[in-house]
Amino acid sequence: MIQMFHVYKSYLRNTNALEDINLRVEKGEFVFLTGPSGAGKTTLLKLLFCAERATRGQILVNGRNIARIRESSIPYLRRNIGVVFQDFKLLNNRTAFENVALALEVIGARRKEIKSKVWKTLKMVGLQHKINTKPLRLAGGEQQRIAIARALVNDPAILLADEPTGNLDPDLTIEIINLLKDINARGTTVMIATHNQALVEKLHKRSLVLDKGKLLN
Amino acid sequence: MLFERAIYFLERVGQNIRQDAFINLVTISTIAITLLILSTFWLCFLNLNTFLQNWGEKIQITAYLNERTSPEQLEELKGKIREIPGIKEMSFISKDQALKLFREQLGGQDGLLEGLNSNPLPASWEIQLQQDYQNSEKAAEIVGKLKGFKEIEDLQYGQRWVERFSIFLNLLRLATFFIGGLLILATIFIISNTIKLSVYARKEEIEIMKLVGAADWFIKIPFFLGGILQGLIGASIAMVILYSIYKFLIDAISPVMSLSLGAGGLTFLPWNHIYWFLLGGMLLGLAGSFTSLGRHLR
Amino acid sequence: MLFERAIYFLERVGQNIRQDAFINLVTISTIAITLLILSTFWLCFLNLNTFLQNWGEKIQITAYLNERTSPEQLEELKGKIREIPGIKEMSFISKDQALKLFREQLGGQDGLLEGLNSNPLPASWEIQLQQDYQNSEKAAEIVGKLKGFKEIEDLQYGQRWVERFSIFLNLLRLATFFIGGLLILATIFIISNTIKLSVYARKEEIEIMKLVGAADWFIKIPFFLGGILQGLIGASIAMVILYSIYKFLIDAISPVMSLSLGAGGLTFLPWNHIYWFLLGGMLLGLAGSFTSLGRHLR
Amino acid sequence: MIQMFHVYKSYLRNTNALEDINLRVEKGEFVFLTGPSGAGKTTLLKLLFCAERATRGQILVNGRNIARIRESSIPYLRRNIGVVFQDFKLLNNRTAFENVALALEVIGARRKEIKSKVWKTLKMVGLQHKINTKPLRLAGGEQQRIAIARALVNDPAILLADEPTGNLDPDLTIEIINLLKDINARGTTVMIATHNQALVEKLHKRSLVLDKGKLLN
């Protein structure tokens, strides 16, 4: 599902945020991505949905070579990838409902379908009572759950989650992780960047460890 | 499906306006005031032009006729002159009428004419020109043609006056077109700048839309529709305000003015100009969002 | 300490301009174009006014003198008339000169005068008016005063012409003040709107500054200085462009025009007007940021 | 140092984000504030630096009654309180240095002092090499540490930190917490809202537990 061959990424001339990354994630797999702050976790995820372009190397996502993808095909790539951003990236002037609905609107879903799916997903993350609230009027953990709901709502083939439980309490963290496991069980490839060591240890899933841009083994 | 999409985008535009009420207010009011200036200028120009043309209409050519012209020759000549392009009207003044007018003109000095035993004044035609020919060059051209007729002994037209008037008109038109052109450029510039700023304030929204997989057109359409709507609303407001000002001037100042201005008075923009202004507003709004989006969509 | 603070704020303004280059570019260019329009309008008005005043100067009053006026009376009268405010110059036309002029005016029809045994035309004064008195009311007033002298038998001035001219002038001035007023309002409005949008784009910055304990004045001062600077730069750009346009017109069109316009030709804004424009730009920039900040600082 | 008497806060008419809160934190104390997402932790902190006003009740901070404070005195209150915001609240168009310096500039510190203090503080959080980088070019954990540096830089009497380790790896978390303990040892009252249960357990400090707007005991 995801493969990287000798991938490098450098934002500035002399430093590599990622260095010679080689990895392979199978369809339907559930992997963690860990490593200290600034190791390159977010950068690696960004490469996968083309928010950044690799400096060198080849990346295959869903059988497609991203290094060669045309600018105009990027939106279609992204529609198959749900992303939970580290900084949420919610639209502050739209309600929780509208934020989640956005992911369905861009693929041209029908109104009815949007309504029912958004409602169902917001319920899954426990926010059905905040459906018409705008992000700035929500608690940090509530915002994070909206970001999660938006990533899940259109059943993506791949789910990339960047520190998705950083603002959640332990109980909610378990709930959300169970949600991700469910989705994974239904066939979605899941990749989670996290610092939550307890979580990684408890789940017994494969974990990729980054350090200073390099993949440890 | 297409219909549902259209509804979706229209709803989206409506929501954007509500959600960013402040930005929309500022943008629309800027568009309105800019177009108000442009349309006020245009209205003034139209009225001034009408006024000047009415005024200029008094320019006329007097053709003095040869004493030996018979009535038949006169008829024939009249037919020929009528064929010259630019002639609007011609009225005949006989020798007797000419003397009478002259006497009137002399006023107190008409004792001067008492010693006369015959009437030395020739008969003449007073020739009115069409509006397009109300300037010194055109008038001189027509005079040139009239000189060709042997029945016409002498020609007079207020050369100096006409020259001055048309220099003045040209100067005024030059200034008008110059300011007008500049105003149009400025309008385009200001409206597109304002829309640029309002799009800039929403650049994060654009970025997020892209990140969740929105195609460029999907992001752009609500902005385009929004721009068109802002332009339309702005232009409509401009027209309403312009009409109110016009109405106010008519009611407050016109009674005094129309006495001296005579018949026509002030007129408002004709319907088709209003139509063009509204359309122009919409196009400017569209163009403004069009150029602004480039930046943020790479 | 105070000095260090001042340096700090100036640096801050410089950094804001660099960090928000896009917003500053858009804001400054909008200010520039708006002020360009206003100053162009003003320049046109000034020149048109000068031109019209030169033109209107030809308005003159002819006072026909009583036949029985002795040279001494004439001298005395001249002294009295000279004292009337508004009189600029007066030239005497004797009976003989009058007849000669009349003969010239008649042109081909001067055969008319052959039968005369005495000169029936009176002597006269042609009286030129000062610029401020070049309109029908003022002229009529002076005529009224002249009528009081028994030595003056009759008075003539181009009443109809003068009336028309001053109606026209009034109409033009009305339009000018109207458009000018509207333009000034629009300028203020557009500049403050643009600055509002540019402040709005930085509302998060303001919020964060407040949260870390910045006093209101601390937040405001860089915005005020920024507004003043934007206004100054915008106004300077406007002046430079205006001068370039003016220079271009002078070089390209003036040779043709000045022939007909005569002496003066076109003139640029005097220095003190330029000064006022720059100051006005700064004040507008300041006022714009002043009104915009209210919203975000509660 | 901090006292609350029967404090209520409701954002919307019928719901209380905080309900009848009574608490007392001594000068120089170090307390945790925990509780599930949406419990009201951020709201409680916001009341202390007047980002929100209490609906009812009295709040004393540093001997001063905040419920009665004039709008114009708020900036002076805030200068004695360092705040690490849950969403960082960094200025995206200023560098790390400038962001941290801001907290000193507002109190009118001298240039030289600003330079040395900012440098020292950025070094403490391990970001001396990112001093001229703007937030959008930093990793999540790096941004968070700038937010922490800004809160610490002017030696505030009170430090309020809202989920300050949500984006930090375990090692960095320990480092930062040690930093906070140091500062606490030098007399600063510290109050940390967090979900990190491991942290709370390890430190053996008093912890206030919020649930649905109420303080549990």
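First chain written, first letter: the chains are A, B, C and D, and each begins at residue 1.
Convention: a residue touches a chain if its C-beta (ideal position, glycine included) is under 8 Å from a C-beta of that chain, and two chains touch if they have at least 3 such contacts.
Bear in mind the structure is a predicted one, so any value in this text is a computation, not a measurement.
Centroid distances from chain A, each centroid being the mean of CA atoms, peak for C. With centres taken as mean Cα positions, chain C sits 66 Å from chain A. Here the CA centre of chain A is 29 Å from the CA centre of chain D. Inter-chain centre distance (chain B to chain C, centres taken as mean C-alpha positions): 23 Å. Listed for chain A are no residues, as none touches two or more other chains. Shared contact sites, meaning residues of chain C that touch two or more other chains, are absent. Interchain contacts close the chains into one ring where each touches exactly two others, per the touch definition above.
Pairs of chains meeting the touch criterion: A-B, A-D, B-C, C-D. Those residues of chain A whose C-beta lies close enough to touch chain D in the complex are 11, 34-38, 42, 86-87, 137, 139-142, 145, 162-163, 166-173, 195, 197-198.
Against chain C, in their complex, chain B makes its touches with residues 22-23, 26-27, 29-30, 33-34, 36-37, 40-41, 44, 48, 51-52, 55, 64, 107-109, 111-113, 115-117, 120-122, 153-154, 163-164, 167-168, 171-172, 174-175, 178-179, 182-183, 185-186, 189-190, 193-194, 196-198, 200-201, 253, 257, 260-261, 295.
The touching residues of chain A, when paired with chain B in their complex, are 49, 51, 71-72, 75-79, 81, 83, 85, 89-91, 93-94, 98, 102-103, 105-108, 110-111, 150. Taken together, the chain C residues at the contact with chain D in this complex read 1, 4-5, 8, 15, 19-20, 204-205, 207-216, 218, 298.
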